[in-house]
Amino acid sequence: MTEQQAILQMQGIHKRFPGVVALKNVGLRLFPGEVHALMGQNGAGKSTLIKVLTGVESIDSGDIILSGKPIRPHSVFEVQELGISTVYQEVNLCPNLSVAENIFIGRFPFRFGRIDWKTMQSKARTGLAALNIDIDVSLPLSSYPVAIQQMVAIARALSTEAQVLILDEPTSSLDEDEVERLFDVLRRLKAKGIAILFVTHFLDQTYAISDRITVLRNGEFEGEYLAKDLSRMQLINKMVGREVDESSFARQAGDHADKAQTGEPFLAANHLGRAGMLRPIDLSVYSGQVLGLGGLLGSGRTETAHLLFGIDHPDSGSTKINGIPVKLNSPRKAVRLGLAFCPEDRKTEGIIAELSIRENIILALQARRGIFHFIPVSKQRQIAEEYIRQLGIKTSDAEKPIGQLSGGNQQKVLLARWLATEPKMLILDEPTRGIDVAAKLEIMELVKTQCCKGLAIVFISSEMSEVLRVSDRIAVLRDREKIGELDGASSDEQSVFCMIAGSEA
Amino acid sequence: AADKKLTFGFAQVGAESEWRTANTASIKSAAKEAGIDLKFSDAQQKQENQIKAIRSFIAQKVDVIGFAPVVTTGWDTVLKEAKAAKIPVVLTDRSIETKDDSLYVTTIGSDFTEEGRKAGHWLLDNYKGQGDVNIVELQGTVGSAPAIERQKGFLEVIKADPRFKVIRSQTGDFTRAKGKEVMEAFLKAEPNINVLFSHNDDMAIGAIQAIEAAGKKPGKDIIIVSVDGVKGAFEAMMAGKMNVTVECNPLLGAQLMDIVKQVKAGKPLPKRINTKEGIFPMESAAKEFPSRKY
Amino acid sequence: MRLKNCFHHHLFWPCITLVLLCLTNFFFNHGFFDIEVRNGALYGSVIDVLNRAAPLMLVSLGMTLVIATRGIDVSVGATVAIAGAVVAVMIGGTLVIKDGVQSYVANFPMPLAIIAALGVALLCGLWNGALVAGAGMQPIIATLILMVAGRGVAQLITEGQIVTIYYEPFFFIGNGFLFGLPFALYIVLAVLLILLYLTQRTSLGLFIQAVGLNPTAARFSGISARALVLWVYGFCGVTAGVAGLVITSNVKSADGNNAGLAMELDAILAVALGGTSLDGGRFSLIGSLIGALIIQTLTYAIYSLGVPPEINLVVKALVVFTVCLIQSERLRSMLFTPAIHLEEKS
Amino acid sequence: MSLMRYVNPRSIPLIVTTTLFVALFGFGAVSYDAFLSPQVFMNLLIDNGFLLVVAIGMTFVIVAGGIDLSVGSIVALTTMVSASLVQHHHWSIWAIIPLVLLMGCAFGLLHGVLIQVFRMQPFIVTLGGMFLARGLCYVISIDSISITDPAYTALSEYRLMLGSETFISLSGIVALGTLLVAIYLAHYTRFGRTVYAIGGNERSALLMGLPVARTKILVYTLSGFCSALGGILVTLYMLSGYGLHALGMELDAIAAAVIGGTLLTGGVGNVVGTLIGVLILGVIQSLIAFNGNLSSWWTRIAIGLLLFLFCLLQRIIERSRLGHKETAVSPRGSSPAPEKSKPHLWASMHS
């Protein structure tokens, strides 16, 4: 198998951005009929390698050889024509177009000299059905949550007859079931002889699907391995570049040292709800505790967070903070009351791409202090640098636009934004999305240490194991309704799913 | 007459100047006095709006249509519609270019070329200095009828005397602010300016301020010839800062209503009816000022 | 190293453009840089340009902020006219002749009139802001409403007349000189300093950029985007009002129909020439001032070169294109790097 | 509310706008006697046909996330070139029309290239184009040129009778034809959909491998073409060429597009909405013309107020719809049993 002709080969790729060398002498081989995982920490250069390969960014030096012929792609269009189909990190589709169009734009079916909408929609439905999604494909993409958008992006890539399929963190906002479905499809494609390049930060997924692994570290080629020859620990060590203690990846006893629920909750929501969004819900969040929100996609976790943070206005119920009734009608008010909210859709709701890292970090703190209590720039820089160090954000300096950071590092900056406000309660909606193993650990550590300092945390994640790991209590949601509460220490995934399934019956 | 009131649809150019405002006021009050039901429409200086207004007058079946053409060209189509609907048309201010004279009954108003000529003649007759006469010209809005025609008339006359030369000409858009701004630049670029010819009083008033700021005496160091005869010009003349203004009379309301009635009655009229207009040099300003209405 | 930094400064190319234009002026009119002292005031072409550019500079400052929030305000010209009308009507338009002696009567005290005019201008701005931030209309259409109706309001106030002001002290604003320089320049300077303070020594600048670049993220971070946008438009109204005062004072009269005509275009052009993107976000106040100066220098050049009025616009167009080409990074990189990439890149 | 469920949510803004237009027209009919005649409605098309054509081009540009300020000037230039060629050089109309259309395209192409290749801001580029085109008019002649050519006159006076008293002019017909072509272009061609994609997210469009550069240049070219076509209609409408024709038409065109539901941020809008936008501007003018009692300044204030009322109502109605977005967008409502509306994504999860 190894001696088979590689369909795609990259050699000696160099790429530098102003101030950073993103890729140094990187190579990659892709064989037909295999799934190749590209691994590396945040900022290792995975996405850059893909962009360079697909003509989004130009190469400084190096060769790309496709089916034995050297190519120098200049545009995505060109690359598509060559039979390479790509899903980029973050959803890169047009929110205003319908789902069907997003899948087929550029390759519309025509009939009588005009686009055949009917055929297109039915083909789109078929394409999505393969991923087990049944949605109205005539609605604009923006009416669906990120997860669906990600599936649509995948469906788009799958719908082309490509020989090479590249997926950059396609699973970052999918839950396990959807991932499984995606993998089924990938296996089918693999059997057809298609070469698949796959980026993920989930080791489980890597081992579940990939045959071969290329590891990048700090923009450099670390090595290429067969998946079966490389153990998890080895892989992590190669990515991180140092020995990591295996025990830190297991759930630890004592994580949930019983913190007594003494006294008043920090925030108590009583019958909080909004018609069409969330059935009235009772929640209490205690200082020094993590409240996990469990549930499946679309179960209403994000909606709960939005109501708590005043982004959407509840039309029933009430909220008390430290026993005092408050009316949370805007994020501004919430921020002033010591709440913080790290949204799930980093690109459109979180980062302000053109502003510098420093400005992004300082934003919420400054908003909390108001216009005239200005933090002098030197102080701002100090705070920014402090968090860059503390969270290990990989950047040359704090004045770089955040848009130029790798996805995971952007997420860390958002965390820094909220930690800088020294909140009393922190709502994290999918904070670990797109974050590498090591960093994920750090973030979980951070959640725990912050928690120990008396912060109240609401934690939302599609990865149930993560929720279970950090949560002291888990509120389980289903169909925009709270169906029960579990104790974090004594539950496992099985019990959560049982609860969800149980109330269904 | 026991029959219903006469309706007269009038499409005005706009309200771009004091002159125009006075013109509108005169027409409105005269209509009221004459017991004519006036449908007034303001075109905001756009020909297409005037055409639309005329169409809507036709749709409303008014008795007589009147309008002050923004430009002289481009009226045939809509006027043919009016003719087909048997509605007579009178023009004010200026005439239109058309091969078919039957499209309108008559034109009442001033003659811009004639105003330019009057200004030119006054200058030739009254300029006292010796040697070459350097004239700067403040034009109205580029392409507008008064600007083109006043310039034409003026140049036509001063051509007669080779001493008189227009050394600079620039548009001041008929406004005080632009007039001042342009004059400022002229004064810096040209050390010897003897005469200013301005296409309207407003620009002249602006220019006077610029001349004063440059330390010269308007009306003496630089002779100022202007057109319109608005109140402000009379004030400037009384202060000795402007030499002459050629009147362009906007108060033709009463005369217009008269004509409307005659048109309705089917009386024959000449194709052109001129309004009474004068020329007011500085000396007559104080006497005239109290009787100025606009 | 120093030189290179200055080369990459965002104001470098606007400045170069301005200098080039001035040199063009000088080439055709050698007196361009001459400045003499007359009646204790500086007198010369450069002073004229600065003085004339003052209203435009004021408006561009306000416009810069609006544009930074990803908005646009096409009603500034109308606001200029309204403010001018209010102040003119309040200060007075009566010339009384008693026994052959002319005397001027101010209807209201000047400070009151000025405050009223600025108040009305603020209201105009807030009205725009309310439509944009409150009702959620698109900025161009929200301000178009005032652009159309505003001139009507101005004419309503002046009853369609050009209201002449006969009150000496008021003329100082637009005609007066202080320490040899036109007073209007000090107004510009004051507004600029206030704005620089607000945007650099308070977090206003950061908030405006955040709202302009990503309103959702800004809101989620606890910035009340609505209030901010409301006040930014309000402020833009005030700067237009001040410009209205300067213009009115300068020509000693208010013309509801013509004051500030097409000023919105010039102001937007100034902002864009100064290097601020019309898509919102990063902005440069100084850049906008330079932009305004570029426009005024160009206008002045057209007047003093003796360009025939028929081709004014052609000249203006060519200069605008040239200026943009000079400022186009893309063109420079195409000229100075051998590989020309015309293909699609972002 | 229940009715809402059967219409495509994307067409709701259009329905709102159309309804408001009908209401406005109805208001005129109730207030003024002669208003409710078919001819008054036809006049809207006759008098605004050229605006519609220009606004259609503008709609494409705005949907692609740009703006074109040069349209009014190109209209003027077209009238001027046509008039000068036919009157002074005695060209045939059939030679002039292709020529001016080509000229319009060339202008648009120039804008497109400057914007796309040199990354200049559309606002400035087209503002420069606006100055240039208008300036060129004056270079040809500062005075207006009257057209007496029989072919032009005949076309200008052509009337298609629709019944005994009602007629429509050539410009109305051409405008409607353009509208049909534009609908086809916008919704049934690759070009049209790419325009929407670019407006939605230019970077995504690039990453999806769409021909962004070519399409953007084409969009400006199309706008130039529409302006020239509109210019031909104006030439016929006025039978003259004049440098001051179509002054400020760019704002009317933008307003028409925006009132019709096009978002200036790009990606959203459609040409049928633009038609309604044009009709609304026309009705506002007609209302004022029929009133006939407004002074010049009240005319302006009234236009502003009507525009304001209209846009405000539009917003309020859309807002209240947005309040129920969930119900409009996805099947899960607050009232029906949630069990039924369970999305299918996880339907098989525990089987």
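We call the chains A, B, C and D, going by the order they appear; numbering starts again at 1 in every chain.
We adopt the following convention: a residue touches a chain if its C-beta (ideal position, glycine included) is under 8 Å from a C-beta of that chain, and two chains touch if they have at least 3 such contacts.
Predicted model only: the values in this text are computed from it and were never measured.
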Chain pair with more C-beta contacts, A-C versus C-D: C-D
Whole-Å gap between the CA centroids of chain C and chain D: 30
Chain centre separation (chain A, chain C; CA means) in Å: 45
Where chain B and chain C are represented by their mean Cα positions, the distance between them in whole Å: 32
Distance between the centres, which are taken as Cα means, of chain D and chain A, whole angstrom: 41
Multi-chain contact residues (two or more partners), chain D: 138, 142, 203, 206, 211, 295-297, 299-300
Touching two or more other chains - residue numbers and ranges from chain A: 75-77
Numbers and ranges of chain C residues touching at least 2 other chains: 155, 160, 309-310, 312, 343-344
Chains grouped in pairs wherever the two touch, ordered by label: A-C, A-D, B-C, B-D, C-D
Chain A to chain C touching residues, read off their complex: 58, 74-77, 309, 311, 330-332, 334-336, 341, 343, 348-355, 359, 362-364, 366-372, 374-375, 417
Complex contact set, residues of chain C against chain D: 70, 74, 131, 135-142, 144-156, 160, 256, 265, 268-269, 272-273, 277-278, 309-318, 320-321, 324-325, 328-331, 342-344, 346
Chain D residues within the chain A interface of the complex: 8-10, 184, 187-190, 193-194, 196-197, 199-201, 203-211, 267-268, 324, 326-327, 329-330, 332-334, 338-339, 342-346, 348-350
Residue numbers on chain D that touch chain B, as the complex places them: 32-34, 37, 39-40, 43, 46-47, 137-138, 142-148, 153, 156-157, 234, 236-240, 242-248, 282, 285-286, 288-290, 292-297, 299-300
For the chain B and chain C complex, residues of the former touching the latter: 14-18, 20-21, 24-25, 139, 142, 168-171, 173-177, 180-182, 184-186, 188-189, 202, 205-206, 209, 213-215, 230, 232, 235
